[in-house]
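There are two complexes below, and they share chain A, which is joined by chain B in the first and by chain C in the second.
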Partner chain A sequence: MHAVVCIKQVPDATEVRIDPKTNTLVREGIPSIVNPYDLHAVEAAVQLREKYGGRVTVITMGPPQAAEALQKCIAQGADEAILLTDRGFAGADTLATSYVLAQAIRKLNAENPVDLVFTGKQAIDGDTAQVGPGIAARLGIPVLTYICAIRSFNLETREIVVERLLEEGREVVAARLPVLLTVTKELNEVRYASLPSMLRAARYQVRTWNKDDIEADPKQIGLKGSPTIVSRIFSPPQRQAGLQLAGPAPEVARELVEQLLQRGVLTA
Partner chain B sequence: MPTKPMPKIHVLKAKCIGCQLCVSTCPFGALEMVDGLANEILDKCTGCGLCLVPCPTDALELVGPRAEEITARMMRKRELERGKRGEPAAAGAGAAGAAASPKGAADGVAAPVGEHKGVWVFVEIDYVTGKAATVSWELLGKGRELADDLQVPLSAIVLGHNVEEVARQAIGFGADRVYLADHPVLARYRNIPYARVLVRLAREHKPEILLMGATTLGRDLAGSVATELATGLTADCTELAINKAERLLEASRPAYGGSIMATILCRDRRPQMATVRPRVFTARPFDRERTGEIIQVDVDIREEDIPTRVLEFIHEGGSTVHLQDAQVIVAGGRGLGGPEGFKLLQELADLLGGVVGASRPCVDAGWISADHQVGQTGKTVRPRLYIAAGISGAIQHLVGMQSSDVIVAINKDPQAPIMRIANYAIIGDLYEVIPALIAELKRRGVRPVHTGMQAELLAAPGPGVEKPDRAVGPLQAIQKQAG
Partner chain C sequence: MPEKFDAIVVGAGPAGITAAYCLARDGLKVVMIERGEQPGTKNTMGGVLYRQMLDEVIPGFWKEAPLERHVIDQQWWLLSEDSAVKFGHRNSEHDKEPYNAFTVLRAKFDRWYAQQAVKQGALLITETVVTRLLRDSAGRVIGVETDRPDGELLADVVIVCEGANTLVLEASGIKPKPRADAMAVAVKEVISLPREVIENRFQIQGDQGAVIELFGDPTLGMVGNAFIYTNKDSLSVGLGAMISEFQRRRVHPHQLLERFKQHPVVAPLVAGGEIKEYMAHMIPEGGYEAMPPLYGDGFLVCGDAAGMVIAVHREGSNLAITSGRLAAETVVEAAEAGDFSARKLSAYREKLEQSFVLKDLRQYRHLTPMMERSPQFLGVYPGLLNRALQEFLTVDGVPKRQKEKQILRRILKERPVTALLGDAYRMWRALG
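The block that comes next holds the complex of A and B.
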């Protein structure tokens, strides 16, 4: 089995703070992490390899420092990591990003046929959830999003059965391989990296591929390949502070209920 | 030839928001992105100042000889360009730039890109209840405004099997035209056949705008369709507007955890695609008299050509929380101190006919399941009444609930961010205030008032929709409450 996991390095959202004076984002010293959903994707691929043998290759598109995120994935059990980095990739939106990742997967597939492609269900910085379906569309393989369980996997019959976590419940779907899965955190528990794999990660040299290595069409990468642009930035509409209520709880409760009745939110 | 001394560019990192407009403007490749911010490459910079023009936050400055002179010239260029685009010359100044009207366009609406014309809304169907998801009606409401601005028809796209009733409803909610693909292979949503039909329709009929709900289904489908059509897609928009002078969809969405809003454009490719979360827009009142055209679409996909099969659906209606349909939400945060606190919130929610929500730390701590989470990584909600107990109001939470009609915050800390946006900020211990509130509500026999969206939905079903209720979906749940 050959599984390719696409990951992204993102700023740690739990560390993001707003400067109350300037109302801007404080970004100094915010650590970069592997997008949390992507770690569940790596875990899923590693678990399948442990059961069925084969290889897990992790790829990401990003600046040179994204190699750090790939090393973390090696520590989590991946066999190989490839950084797709090129000045030409900069400024990519989801369309251009899915193109670069799909080109890299094509190249990997030529070396060693790919059975499964994994991504997290979305990245916590952009929250778009578009790149996974985009890669699948480019590769012409089925996409199954929001995976919360892998029920069965059979390399002989080339079929996988998974559960998708949707608003109203779980959908059980069967698909022919190769297939792209985007995963939720309900799929598995991410393991603590073992000491040997941490040592391996520390010594591991991430391979890098540039735009020529993946035979990228210059018109489809980076800013040129990105149809969307940011035209304007503005402050979100602010709500005004309202009435402050303090004092003994029964009195506060009486006042609040009175106010909500008057506003027509409640009725007696 | 001696060269004139020129200044060099400098990025003010504190102001840069990483929008990359300068990077794409610089003719010399002297700006690059590093850690999500613009970064100058001094040996490539010629000091031309062109990058100053598009910068939305004035995060670039020229330093050195002639800096002031060049900066002033670039600022004039910026004013001119904004005027040409029909934008206000300066933010908030409300200048008369919008008067610019391209030749030959009626009422200031520019000509379409190629043959692309019309606004499309994809209508999502809940395959358990067989009814349309409410977000689709909300999108038709907004789509109607956009189509009127562009003076084009509004079309609804309905895919499924035995879903003609939904097509008729779409007209009542504002569509002029419905493309209806009714076929057994479309009985349940699957990415491949749905994307194939939608891509084919878009190629044939060339809409300029295509909107979908930012639901699990809409996000799954939108990413595939946008890639196939090689066009731009903006996720999770909270505002949509038409720039008539340029005939462009301005799709705005929160960025950087909601601390800023970014307006995204797709200038050269069509259709311009966007997904919108449920409860951001409001549906129009259902008009059963409204007329429109239903166009049957042929489907030439064979079941054996589809590499996926839906084997079963495990309905979790009992445990799934309908936060987005709730009129009242009682949400708890870290201030609850532990999972037991949610029992108290549930009691209050039950009394008000509402549901329980939570901030992310409670979910991360395992106090409550993730389907209760409100906020950037949870759900966006817009209830009539949002009661936040022990929630400080991190920006990631606020973006998910700040468009609630009335917000009540209960917190010991009067400085907590949520207190600044609450209509009623109660300073006190939630374990005293909420029991007192429950007692007061019981004493006075108070009930919630159901209005707005629900009243419209109750009127929604057109003639002859007497289908057996197979399960209790969100719509029926509301009807039950209201009845």
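The block that comes next holds the complex of A and C.
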């Protein structure tokens, strides 16, 4: 089995603090982490490898410092990590990002046929959930989103059966390999890496590929390949605090009616 | 079988990184184990780093390290509730390369410093907590246990640089839990302000920096002090005092910090700033008397973990760096001899004795206990001095001779001659 996991380095949202005076986010010194859903994707791939053998390759597109995120995935049990980095990749939207990742997976597939591609269900910074499906579309393979359980996996029949976490319940679906899965945090528990794995990661040299290594079409990468325009970013307006009424029931009821009349919810 | 290293360094702060850097440079197989996500994320200090000690490790480090400003202006202010007596020094010598001291932000600096050790060949393991030292049947330290699965590592020697909170030393029976009167707690805010505003308020230019230490009212007279340090585009503003004093007075450090920022001489310096970070940390201020054993069979202790802090000179990181360097020197010699016994490693203590580290620690051994026994130094004198100067400088038609008498009478009312003489003697003795 060969699983490729696509990950993203994001700012650690749990470390983002709110300035008590200005109520704005304090971004200074916020560490970067692996997108939390992507760690569940790595865990899923590593668990399958532990059961069925094979390899787990982790890839990401990003600046040189994204190598740290890949090293973290090595500590989590991945066999190999490749950083797709090139000045030409900068400014990519989800369309250009999925192109670069798909090109890299094509190259990996030529070296060692890929059975599974994993991504997290979305990244916690952009929240678009578009890159996973975008890769699948470009590779022409099925995409199964919001995976919360893998029921069965069979390399001989080349079939995988998974559960998708939907708002109204769970959906059980089967697909033929190769397939792309985007995973939720319900899928598994991310392991606390062992010390030998941490040592391996600390020694591991991440491989890097640039735009030529993946034979990228210059028109489809970076800003040029990105039709998305972000016109404005703003915080949603804060919701007003609610009103709590307390006291003996008749008084509260009277007060409640009065409030509703005042606000025009009821008319006399 | 756990992997074996020549040396394991517990903690990636100034002491640990220095030890790992020197050992790796000399070709030893060394691993640093840090509990934070990155070196520096859990490391805190007021923010002054002296150049000399690190220059001995990485000559010219200050040309490339992420530093904030070089210090040219140092002030000491004695505060009463609403006034200040200021004393300070500025010179042009400290404005010249290679400089004397720098303000730093540890999240940036420690990360850079650790990378230098990694470049020398040290392995860095983060997000991993060392839980205790491993010993063989003879009691010799032979490695560490961490909180990771398969979390043991072996080494000829373990260098404990775990910082102020000495959980490993305590769990390993090397040191008891610290007493509340041997440990200070400090809180600090990084307050961002535009560069020009900082340069105007502190009368500095370019990369020049100013630092102010404030005594008296900021800590309500408790043994400790407040500080304001200039970074490039922020101020480090904080205060600290002995934990026992906070317990006794029943005040919280952050309440004091809020109060401090409202003080009439402080408020204009921080006005309009935006709080970027808030942090709190312990400082081992027990001094020489509170130090744990510095070495034993298979282990050495450096930096804050060893209590190497000289509070009165706000020195700690430079002692940590020097101790880390001397520990590494000792380990290299031990490795050549193939002998990691306490006897061989005792050379570390001798090296420290010959350096400023133990000389200074010994000189100030009585200072903190004396200050704790003598609350008048920070509790009474700052107010007294402020009132005396205020009276002296108020021109109100009272003849000068009469004014001098009034001032003297007031001072003697609060501290009679015998007490004044006693205090002078106590301070003289404590400063050795």
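Convention: the second predicted complex is superposed on the first by the 223 of 268 C-alpha atoms of A that agree within 3 Å, B and C clash if a C-alpha of one lies under 4 Å from a C-alpha of the other, contacts with A are read in each partner's own complex, and residues count from 1 in each chain.
Following the convention adopted for this analysis, a contact is a pair of C-beta atoms (placed from the backbone, for glycine too) under 8 Å apart; a residue touches a chain by one contact, two chains touch by 3 or more.
Remember, it's a predicted structure, so these values are computed and weren't measured experimentally.
Look at A:193: by the touch rule set out above, it reaches chain C but stays clear of chain B.
Of the two partner chains placed around the shared chain by superposition, chain B is the only one that A:124 touches, whereas chain C remains out of contact. When the two structures are aligned on the shared chain, A:31 is found in touch with chain C, with no touch to chain B. Touch criterion not met for A:205: it reaches neither chain B nor chain C. Taken in their complex, chain A has these residues touching chain B: 11, 13, 16, 18, 23-25, 27, 63, 65, 87, 90-91, 93-95, 98, 124, 126-134, 136-138, 142-146, 161, 163-176, 179, 185-186, 223, 226-236, 238-247, 249-250, 252-254, 256-257, 259-261, 263-268. Chain B meets chain A in the complex at residues 14-15, 17, 19-21, 23-24, 29, 32-37, 56-57, 87, 91, 126, 128, 190-192, 195, 215-217, 219-224, 226-228, 230-236, 250, 254-269, 307-317, 320, 352, 370, 376-377, 384-385, 395-396, 399, 402, 405-408, 414, 419-429, 432-433, 435-437, 439-441, 444-449, 473. Remark: chain C residues 2-3, 31, 37-38, 41, 105, 107-108, 123-125, 128, 146, 148-153, 190, 192, 274-278 touch chain A in the complex. Partner chain C is touched in their complex by these residues of chain A: 12, 17, 19-22, 26, 28-29, 31, 33, 191-196, 198-199, 202-203.
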